[in-house]
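Look at the two complexes coming up: chain A is in both, with chain B in one and chain C in the other.
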Partner chain A sequence: MRASKPCIALLMATLCPALMFGGTISGKVTYTGTPAKQKAIDMSKEPSCAKQHATPVMTEGVVTGPNNALANVVVYISAGADDANAPAQAVTFTQKGCQYGPHVLAMHTGQELDVLNEDQTSHNIHPLAKVNREWNKSQPPGTPPIKDKWDQPEVIEVKCNIHPWMHGWFVVLKTNHYSITGENGGFSLPNLPPGKYTITAWHEPDGKQTQEVTISGNETKSVDFSFVLKPY
Partner chain B sequence: MKRLNQEHFFSVILSFVLVAGFTVARAQDVPDVGPHPPTPPKAMESHIGNLTGHSQDAKSDYRRYCAGCHGDLGDGNGENAVWLDPKPRDFTIATFKCRSTLTGILPTDEDLFDTVGRGLTNSNMPIWNTFTRQQRADLVAYIKTFSPRWEKEKAGDPIKIPAEPPVTIESISHGKALFTKLECWKCHGPQGKGDGPSASTLTDSKDQPIRPYNFASGGDDSRFKCGSTNADVYKIFITGVDGTPMPSFADVIQPNDAWDLVHFLRTLQVNRHSKENDVLKAAGGKIPPYVEKQAEAPASQSGTRTAGGGN
Partner chain C sequence: MRGNMGGKIFAVLVIVIALASAVPIVTHTWFGSNISLAPPEDISTHGSEIDKQLDETMLEAGLSFLAAQLVLGVFVWQFGGRKDGVLKNFPGGAKYLVVAALLLVGAEAVALGALGTKAWGSVYFQPASADALQVQAQAGQFAFYFRYAGPDGKFGGIHPEKIDEGNSNFFGLDPENDIPARDDITSGELVIPVNKEIHLMMHAKDVGHSFYVRELRIQQDFVPGLDLSVHFTATKVGKYEIVCTQLCGLGHYNMKAYLNVMSQDDFDKWLKAQSQ
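On to the complex of A and B.
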């Protein structure tokens, strides 16, 4: 009898997602055209960072993989999904070696954002928000994480003014259904109840593309995106 | 004859329609060119002490004195804007440089009121001392009609500024150590001449090039953008200068340390007469290296250090 409750909970946890949230939208983001070349970043003005990299760090404005795969694309459900609540877990944005990790960070509105400085130099974190509140804070080495959250959905450019090559993005969404492509361009949005969805793909220099997808039952639907890249 | 009458009739109708249309346009005060605001601006108030400003009362003053640069829609795109550097403030995003509130937080009505009265040095924003206090208060209320943030968010509370400790060579010396440690010099340069290694790369939040403040420029009258007192300087690095590369140090500097930094910054204004420069001169013109007190833990240091130390 005492064991039955955990058993039921386990059963529910195993079955419910399969029964209720079975659908998956997955696919690949590719490009046509010519991607802008990645450039080597000169960090010589910040020796404490330069020495952390054996080979020069490359710019991350456009990152591609084999077979025309496009990385750093945020694919998310922009309409149709019902999740108003932000996860309790914070997302983390780390400054290390005068680089942002990750270059593109997605999060839910209201979700806690922790900004960490793991360098031996000061950074200033300057999210250039236009819909949300723009702020700009100094974070010297060894200081605690800066904690914040964003109220409105917005794609926010992030800069460090002290190290102008440091450049990243906060993609603030009203959904937890998002996926950021890696170098294989692949994405997957699991646990979707049946319904009609609008899928949006955002890429740094090219903006947004959308597609409509209808999911019924536990099926996996394949959706691909393709961006036309220009070298300049 | 009949044809003429008909023509006359139509021209009368036409002019009536034109006049009526014009009157309606005037009455609604919708600008006849450019993008239209999605909704008519809501009337706003400002409160400066016991003075209350009303946005409706500032309409003609704004049109006459402000719109040329800041634009009819408050977006900073007035007809003079292309010729100006720095660019006029865009009120539609409600980001303001001179605040007593923390970074990202709306300024107080007093902050905006003071900015209008003080003008912004090194820019085309003049000192509007020709306005009455009521006119300035009304204009502050008017500025608040351009962004919905003023309806949704509360203006922040002013930061608390502790009493200034006496200026000593020790406080100047500690301030200099902080200037190095907090890497102010990366932009402002080792002598505060605005020529640090990152200086040439700086842009504001609208991608316009921007220079870090050159402390050494100017003479006895040299002043800061957001006020000329030591408390104004203190405020700057606690609040940050929003919309620019200057960040807030509110979370990373202790109150007394901040005062020491102010004392050091005053010595960078080499051509300005100040008590800080007098103290420096009396000490032989050289800032001694800062010696950290080893007995005390760094966290308690600023709290226990007597104001100004020494003497």
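On to the complex of A and C.
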């Protein structure tokens, strides 16, 4: 066990700067204008899914919350952070009730992606990748998860070739510093060493916005994004 | 004669098989929907014509089949096992035999065609009446979608580049620039009022599909690039299955929708709820 002491010391030395200079960038994503109405999804052709929902599932192209908060926005560090390694832990994309969960899934390049089918019907997951290699795989009920990973950063639209209404996104990033807004629109990117960062916010129908932020020491900086939404 | 026992057994077998084959034909024709072999209940105004035509076809083809099998049976019974050459030639030889067979089969085909034209024409050669309810049907891999004009009574135009299935824009409507499209109603279920003529305008989004409702006695292909249509009047409230009957790809087995026939009142309520 003694031999491992230098290893621990080395590990501490590597981790300590991150712990000591734990700067944070946080803020809120809001919208102006009129958001498109969410529409009820008609799943009548797939009764095994339709009966899982007491009220109809709504489309998730634009999801908003109180005080003009905008959900499903991926906020991430697009330049300045040094984290080329993917986490060992896999991210999970679940097909349940003929719906993708989550609607927007972010991951690191090379990180394992597990696609689960929890329905009593077959799905055919089809990520429409353009930079990475596109694939589409059939997944009957009860089959093990489909495992895959993406080599290049890319925003990939995902659809099901059997159920046209199923729709989601893989946001593949070269960073582990990302946050996806919920219905309160809030995000937080902690554990940032001092430096100059480019923060990017991506929203499905509106594309990307960026801002520059400089972190010095153990501070929390506030950055807000606002998207202009159109009703159609 | 003892040497011909196998031939006689075969002759009896031929007749038994023919009679057994006749069972579904007879039940179809004379017992109607009381027997499970019969087609499902007809819920359309034109369906009785189709059913009548099918009955006539079945009866005529069935009787011809029975007669042919009986003749075959008699010949096998009578002459099976004989080894000493030709019995008797058809008058005029093989050439006339072929001509006679062609005339017989031809007459049957022409008769069926002539009789069937009436039933076919009642569905396909009559235009839909002017006050028929217009519904647009779109088939795509692997679902049907139906569109109603909404309160303004006008359909919006279709712009394939605007199709956005994840946001329920299955038809490619452009509500931003096209005002009639704004109140169009899209449904995954074909909801119609009972006893009202429906004019279904059909288009395929990608490949060939087919619209088949057994109870309506309608089966019509969707062909990419062609504007096809059918019209019908449903006479019974209920929920019926619409299935795709053209192999259209991997998910073909899963391509279906429901036909929901409602009273006019319920339909009006449904339509109103959809447009809110």
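Basically, the second predicted complex is superposed on the first by the 211 of 232 C-alpha atoms of A that agree within 3 Å, B and C clash if a C-alpha of one lies under 4 Å from a C-alpha of the other, contacts with A are read in each partner's own complex, and residues count from 1 in each chain.
The rule is short, and it goes like this: contacts are C-beta pairs under 8 Å (C-beta built on N, C-alpha and C of every residue); 3 or more make two chains touch, one makes a residue touch a chain.
Here the structure is a predicted model, which means the values were calculated and not measured.
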So, after the overlay on chain A, do chain B and chain C clash or fit? They clash
*Go through the superposed model and pick first if A:T121 touches only chain B, second if only chain C, both, or neither.*
both
- Which holds for A:P140: it touches chain B only (first), chain C only (second), both, or neither? first
Check: Touch check for A:D42: first (chain B), second (chain C), both, or neither?
Finding: second
Check your understanding: Should A:I162 be classified as contacting the first partner (chain B), the second (chain C), both, or neither?
Key -> both
I'd like to know which partner A:G61 touches here: chain B for first, chain C for second, both or neither. second
For A:K230, using the defined touch cut-off, is the partner it touches chain B, chain C, both, or neither? Pick first, second, both or neither. second
Which superposed partner A:K130 touches (first chain B, second chain C, both, neither)
first
Chain A residues contacting chain B in one complex and chain C in the other 45, 121-122, 124, 138, 161-164
Touching chain A in the complex, chain B uses residues 93, 95, 103-105, 149, 153, 181-183, 186-187, 197-198, 201-202, 205, 240, 242-252
In their shared complex, chain C is touched by residues of chain A numbered 36, 39, 41-46, 59-61, 121-122, 124, 138, 157, 159, 161-168, 230, 232
Residue positions on chain A within touch of chain B in the complex are 45, 121-122, 124-126, 128, 130, 133-140, 143-144, 146, 161-164
As the complex stands, chain C meets chain A at residues 140-144, 164-168, 170, 175-176, 186-189, 250-251, 254-258
